[in-house]
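The chains carry the letters A, B, C and D, assigned in the order they are written, with residues numbered from 1 in each.
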């Protein structure tokens, strides 16, 4: 495939960032917005074309004779050479998951670009301050995210990983005058930075032992028979493989270095994907404008962690313990986030926790995937869920944005009963809820069902656990849905202008995404995305019993939500009173933020930084000053000797002469 | 064997030298100190005469007694109110100074006395004539002093200019 | 003599000094400063092009453009000059920072004297980078240090006399060690019976410093230069000195002078005494490893903008020495890249801090806030500088740090790799203090109502900052160019001696 | 009885010690200068005596004394000029009070 189009996919958003960032303040708002949308639209077309070519052209570059999909390096340019082997290249790797991600990212990004044209202005049509900047940052984000998914080597991924972190920082802190937004952006950046430290160390360890950054070599070597798929030289693959298999690789604290490397790399993924101990930034990140939440914090950037694990999946297969770690982190996170989501008041936070929970689903799915079990169904399920989740979660966020735009608050207690006023939003939101709850035939049903099937194949505990979480998902989503659109209307609306549906720029993305959510489940995903490129017919493995159970769980959960929240009634209060402890802990998100506050402020700042600063000023600098003081004191002490009084000098001279004379005399005597 | 006259002369000169120098540093009247200094200088001139260095003695009297002491007297008169004594010295510093000087006297005296080379009589010598002195001062051969002589002349010139510059009223 | 391009790096500043001496008013002074610094930038670009052309033609001499003119024959002191890729990079950096610094001190009081000293300082800097004669090098080193005392003492702010004195005395203390070390090297520069030399290339060729002497002289020279490189625990001149120095001096000092330390550590301590470096590296690795983390932690709780930056310099420069001590090509390349990167971005930082201070008359971050609304241009530049400092890809900090980390982690010794991980931790702490400042200073509501009347950057301030930002971005976007320039000049013989890569 | 060298040297030594005593105890600058002259003279006598008694054929000692006298004259003249100048500006020639230029 010609490299021009792929380069353009990256270059257009980057160029748009530079144009809007440097010249944006000179442009009118409308021009800037239109430019941004046009740029993204072009990228969308190019990305679709590229993905289409990859999946359907059947060119030998992409598919081998047996019908297996191949990894294709469209281009790979040296960017920075550390040593002869360790080279950072910037390139474009086309394989099933990167092609799929191209589609997801450009679709959502374009929707968000379009949507923001309406969202980022008030009811009188006045654009928000910094509108051009907003589009510049969106373009920067799109560029970085696209660069991340097409990375040809782990260091390229790290580069773009950092860039998406930075653009996320800039976008969360878009309303920079608001202190809460500033601190949220700071938190997001620092928490993910901390996770990236693990990622970096993981990369260092991996590269030290394997001597390469390249995905093709890293991922193909460990598993028998993949070298052909990834089109690399057998000798390189053998070299890498020997490292992993050699008994000489050291063991550190009971785990092999490879396990350490993989766990540390996964730590980077945990940070970006908001897995359990590092999840705290994501709910706060909702301080950013809602389209940003939809794009970055629901659909694309937060799944980078999943993507990372998927990218290195063959390596993870080498170390099952690392995969089990992934599974359990995912499972815990999924349950935790689902419980917390049941108690939140801010609609964006509910969605944020739901995002965390759903990403954890994908993680679990990757964690339980094994080639020997359903031919790695979990991998495919994870990617499938990534795809569908991106669509319906973006839909939900954009819907929430429409609500917030109309009401001017994030708090559902100020919404209630909006279904009459905002029908489009209502229906699209409902579709989103049904999709995420896993109701047939919406997209979420299929992807989630496959995740549960692969869980069942791995371990019953995980299966039951995840089914429970799926039920909770349905429950809290419908709780949200009812609380927003049902219940009785708020009095506040009277007197003010009534809330109404949004302009077409905002409605159109909602409708498109709702349509996708409606039908995406029927995409035969296994034909396109599998861990080893072999086409996979998932209907053959479709387990109707699992489907029935999960459908049943979802329906029951929705029914409970309907009973509790369709109308105003005392049931929720009773529930809350029945388990006050759990409710309180869940409402406060299990006090993770407080714990982090304690660690950062009390331990790091007060316990490390301040003492070090004090030590530096008073001990180190004090020692240096003490040298000066001693010198000073000593010179002051002997200064009177140099009084300028000749007579004193003579005295000293005389005494010295006498002493010398006396000594000489004594010697002579 | 010296003549009795020269022995008596020596005694007077030595006594004068010792007594007047002691008086010169102990008197509280500065003008008197200058006068005692004059006598000491005369005694020194006498010593030169006794050593047969007549020219040196003459220079001593002319330059020191005639020139320097006069300068002293002038400056004393310019800087002191007549009749006013300088304040008595603190007894502590006087005692200390005396002790130090005596100690020095003892140490140096011991050094002198312990040298038997110094217990020699004066060898015979013809008094150097003015011509000899003049020739060796003006010669550049070995034992000639033209260079220091010229250096001194430059120094004196510098001194004259310096004196004028320093004493000039601004 | 004047046909050698390198000599002109000293001649042009000297001509500028003469020109400044003749100037009558501020316009002429500015004209001379700008013309001279443009000439220096032009010359250094020409040097770079020539250098690359000669290298491309296949010349593999360790030094190019060499020349040597006897200066004091009895002690074998020569004016020996020559450059390799590292020196070229450093000269380019110096020229750019002098250029930016001239614009940053556009409205300094008593401009004539100020520029005279500043240019004298840069004479020393350029002289240092072109010299390959230890004595000449040391002389230029001192020429670069001394003007600092007056520049801080006269044009500084705050406790300027104290700071100037402290800085000068500590650096002089380092120089004392250094001089001992250099003289020691001189007396062992040739095998017995041959004539001694100060010339670095000849000393390397003679390779006659015995192992015992190396172990004695290496710490001398390393500490001597390390003081200027802000090595723990000899870094305390840096916060006070930078806090008091005027803008351009901070820029030059953090941007270029601190690089003299790292450059010297490499060129003298390690290049001439590789065995001792290999043997004693662990001591200094511990010290520099501490510098890296310690400086970053200290920066987290400072409230004075310049103090924050000074401590961050301690951290970043610690990384330079840290990487040099790893004794492998990649890490050393990273060290030099970090010098370039740190020089540019710290200069940018100090320029911006000076500009902000010039407007708000405070550097206390608690007394400022929301500057993004008031002076968007300066604030955006500050964010860019911050991003460069915390290692955002596409800006220079990232490539430099990553080269260092990857290079250091290639070391065969577990001890070194462990310390690399410790040093890696600084990237998180850096993010903490940078974002803390950015959040407090630029974002949030405006703290002081008086600040609302302040104006944004003037054209000369824009020129100064844009120059630096472009350079930071150039290194960040095209690192391989710089990396290759530096990497291929690490003469293999130094590593061959040690039997390592 | 003969006049031996030591018999001349001892009075000169006493004279020198007196000069030292005066130099370190007196506070009037002119008195100090007088003490200085005493010491100089004592030294001059030594030169002459050593020359005459030990190396009677040479004339170094005599010439040295001659030059010393000339230098002493110059020195005194300058010193007195300085003292008078000081007196004019400070109305005082006590060394302990004249510390304006110290440190």
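Here is the rule we use: a contact is a pair of C-beta atoms (placed from the backbone, for glycine too) under 8 Å apart; a residue touches a chain by one contact, two chains touch by 3 or more.
Predicted model only: the values in this text are computed from it and were never measured.
Participant: Which chain would you call central, comparing Cα centres to the global Cα centre?
Facilitator: Measuring from the global C-alpha mean, the nearest chain centre belongs to C.
Participant: From the mean C-alpha coordinate of chain A to that of chain B, what's the distance rounded to whole Å?
Facilitator: Here chain A and chain B have centroids separated by 101 Å.
Participant: Counting only Cα atoms for the centres, state how far chain A is from chain D in Å.
Facilitator: About 95 Å, centre to centre.
Participant: How many angstrom lie between the centres of chain A and chain C, each centre taken as the mean Cα position?
Facilitator: 37
Participant: Just the number, please: Cα centre separation of chain B and chain C in whole Å.
Facilitator: Roughly 68 Å, centre to centre.
Participant: Among the residues of chain B, which are close enough to touch at least two other chains?
Facilitator: 100, 104, 108
Participant: Return the residues of chain A touching two or more other chains; collapse runs of consecutive numbers into ranges.
Facilitator: 651, 654
Participant: Between which chains is there touch?
Facilitator: Here the touching pairs of chains are A-B, A-C, A-D, B-D.
Participant: Which residues, counting only chain A, touch chain C once they are in their complex?
Facilitator: The touching residues are 78-83, 86, 88, 155, 159-160, 162-163, 166, 169, 173, 176-177, 179, 182-183, 185-186, 189-190, 193-194, 196-197, 200-201, 204-205, 207-208, 604-605, 608-610, 612-613, 616, 620-621, 623-625, 628.
Participant: Touching chain D in the complex: which residues of chain B?
Facilitator: Those residues of chain B that touch chain D are 1-2, 6-7, 10, 13-14, 17-18, 21-22, 24-25, 30, 33-34, 37, 40-41, 44, 47-48, 50-53, 55-56, 59-60, 63-64, 67-68, 71-72, 74-76, 78-80, 86-87, 89, 93-94, 97-98, 100-102, 104-105, 108-109, 112-113, 117-125, 128, 132-133, 136-137, 143, 145, 148-149, 152, 155-156, 159-160, 162-163, 166-167, 169.
Participant: Tell me, which parts of chain D touch chain B in their complex?
Facilitator: Those residues of chain D that touch chain B are 1-22, 24-28, 30-31, 33-35, 37-38, 41, 44-45, 48-49, 52-54, 56-59, 62-63, 65-67, 69-78, 80-85, 87-88, 93.
Participant: Which stretch or stretches of chain A touch chain D in the complex?
Facilitator: For chain A paired with chain D, touching residues are 639, 643-647, 650-651, 654.
Participant: Write out the stretch or stretches of chain A touching chain B in their complex.
Facilitator: For chain A paired with chain B, touching residues are 651, 654-655, 657-658, 661-662, 664-665, 668.
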